[in-house]
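Please go over the structures that come below.
Both complexes below contain subunit A, partnered by subunit B and then by subunit C.
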Partner chain A sequence: MKPAIPSREEALQLARASLQMVRTEVFPRAERMVAVARARWMFRAFRMGRDVAAYGPVSARNDGHAELGDKLTFLGGMLPTSVVCYEHARLLVGNETQFNYGASVEAWESVQIGARCMFASFVRVSDRDGQRIAPIIIEDDVWVAHGAILLPGVRIGARSVVSAGSIVSQDVPPDSLAMGNPARSMSLDLVARDATGT
Partner chain B sequence: MRAPLMMMLGLGPAVARLKLRRCGSVGATPTVWGRVWIHGEGEIVIGDRVVFDARMAPIELHAQQGGRIVIQDDVTIEGGSSIEAQSCVTLGARSHLGMWCKLMDNMYHPVRGNRHERPRSVPLMVEEGVTVGSRSILLPGAHLQKGASVASGTVISRRIPPGVTVGGSPARVLRREVAR
Partner chain C sequence: MSTRDTLRTFIVDTFFVDDFADDDSFLRKGLIDSTGMMELVAFIETEFHIKLDDKELVPENLDSLSRVVAFVDRKQSLAKAS
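Then we have the complex of A and B:
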């Protein structure tokens, strides 16, 4: 029995398929491994859970007591994300929280972030604004959209959404949408189900 | 202000073309200062005499699969602004984007319901002669008509009629053009 010699088209097809497989299967995993290794190194001063991944540069500094949960994701982009915990401060980040590029989390006294939160790019969370220091609490499943600023002393309820560019100076109740400057909250039940921003 | 070395050598447009090599088509004499980060599989069309001033912070152009970014003639984009297209983002002729602007035609996560599915995207349109101030955010469905201008730090997700200045958060009309 003769081994079939693949024709030119078949060989090309095979090569293309394997290239596609490498692109869809191998590259993401390799990227993920690099990201996990990078996070290990960058957050070496932090107490950290499993599978924290940093897909880009993160400027992290811990002089206080900072704890990161499992499966955090820090995406890379134009600017580095910064996570800073100053002396005697406490910074807690829950599991599966995601940070886009340019987000900055700063703890001078206490910042608590719940599980499965999403932080978009250029979000600023700082518990000191130059005049006062007050703890920030962000509960589970909160989505903070692009460019929002959370001022000190704010508590954001579970499953809330802080819309893009808003400045939150008061507490946001659970299941609500906060927008504007200063941010006003409204219940998420009032939002149309297929809202696309129009 | 010192001109960049490549510009003094007269290589500005050539270097700019090199930096914009990921774009589908680039018009005559582009100017690029600093870094422009172009990624995604979508199509990017750039008109004539476009200026990317990314000396302070990089500019992001992100056209995703099936997305299209059209930048027409004489547009100026300043540093730190980022344009993300899932369907279509158009910047009209002679418009100006300030620093740290964000243009996105998809919210990426629905406000209600399952956060992991992606909502419908709405094309974003900036017509000619529009000025967008720094740190303003154009959300899906924003449509800035001819000659409108946006004060800095404004969030917009609707149609803005021609010749109107909007500002504040939530956005209000600050000034209407009286003489047409």
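Then we have the complex of A and C:
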């Protein structure tokens, strides 16, 4: 018995399904492979974990001791993200941290970033502001929103959020929301439902 | 105007909420968002001439009208005492 020739509809359906498969499975994976390869090239002067991906241009420079964790993501966009570690400086970035485009991280002495942090577009983190140099520490699970600036010497507590456009000049406690210029912190429990599971 | 009325008028005028009880949680009822909370803090500081510490910006002090009133009263009497 001859196998039935698929009808026009069936053939179309099959074609559509495979196209969908390519779109949702193959493209993202290919894109990720390109991003990982790009990151490997761009961060060749860095000590780097596995699966670091750069989906856009990153201007990276390491003259000191810079260490990147596993599974970092650098998104692409209008402007390159910049990661710079100057001579004798220390720059540590924890696992699974993400950077949007235009973010800038600069270490002159010491910048420590925890795991699973998120840095939105145009965020600026620098431990030198032209007057002084003081180390910056960002703990785990911190979210820094668009355009925020972290000044030298600040420590951002775990799970805290820095609002868009804020200028942080003082330490932010854990589980807080920092907002304004200069930023003030309030408990996340005050403004976010189930922020800390309480 | 009493502290309660001053605060209620400010909240109604600023956040366009007309009907809420003194014990309604600002957060859970969706009356005030995070930016609004900063506005409320700034208003309390200028209106009642008290300075709030960042550590005091917690739900126990600010999450309902009656809590804010009690908190402001407490701060004012502390300021007077010192």
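Everything below uses one rule, namely that the second predicted complex is superposed on the first by the 192 of 198 C-alpha atoms of A that agree within 3 Å, B and C clash if a C-alpha of one lies under 4 Å from a C-alpha of the other, contacts with A are read in each partner's own complex, and residues count from 1 in each chain.
Everything below uses one rule, namely that a residue touches a chain if its C-beta (ideal position, glycine included) is under 8 Å from a C-beta of that chain, and two chains touch if they have at least 3 such contacts.
Keep in mind it's a predicted model, so treat the numbers as computed, not measured.
When both complexes are superposed on subunit A, subunit B and subunit C end up sitting side by side without clashing. Contacts of A:L177 after superposition: both subunit B and subunit C are touched. Looking at the superposed arrangement, the partner reaching more residues of subunit A, out of subunit B and subunit C, is B.
When the shared chain is aligned, no partner comes close enough to touch A:V142: not subunit B, not subunit C.
In the superposed model, A:M78 makes contact with subunit B only, not with subunit C. With both structures placed on the common chain, the touch criterion links A:S163 to subunit B and to subunit C. Using the contact criterion defined above for the overlaid structures, shared-chain residue A:L190 touches subunit C, although it does not reach subunit B. Of the two partner chains placed by superposition, A:I113 touches none, neither subunit B nor subunit C. Touch criterion not met for A:V125: it reaches neither subunit B nor subunit C. Per the superposed model, the minimal spacing between any CA atom of subunit B and any CA atom of subunit C is 7 Å. Residues 163, 177, 179-180, 191, 193 of subunit A lie at the contact with subunit B in one complex and at the contact with subunit C in the other. Interface residues of subunit A facing subunit B in the complex, by the touch rule stated above, are 77-79, 118, 121-122, 141, 143, 146-147, 161, 163-167, 177, 179-181, 188, 191, 193-198.
Listing the residues of subunit C that touch subunit A in their complex gives 27-28, 33-35, 37-38, 41, 54-55, 57-59, 62-63.
Taken together, the subunit A residues at the contact with subunit C in this complex read 163, 173, 176-177, 179-180, 184-187, 189-193. If you check the complex, the residues on subunit B that touch subunit A are 37, 57-60, 80, 82, 100, 102, 104, 106-107, 109-113, 115, 119-122, 135-137, 139-141, 153-155, 157-158, 168-170.
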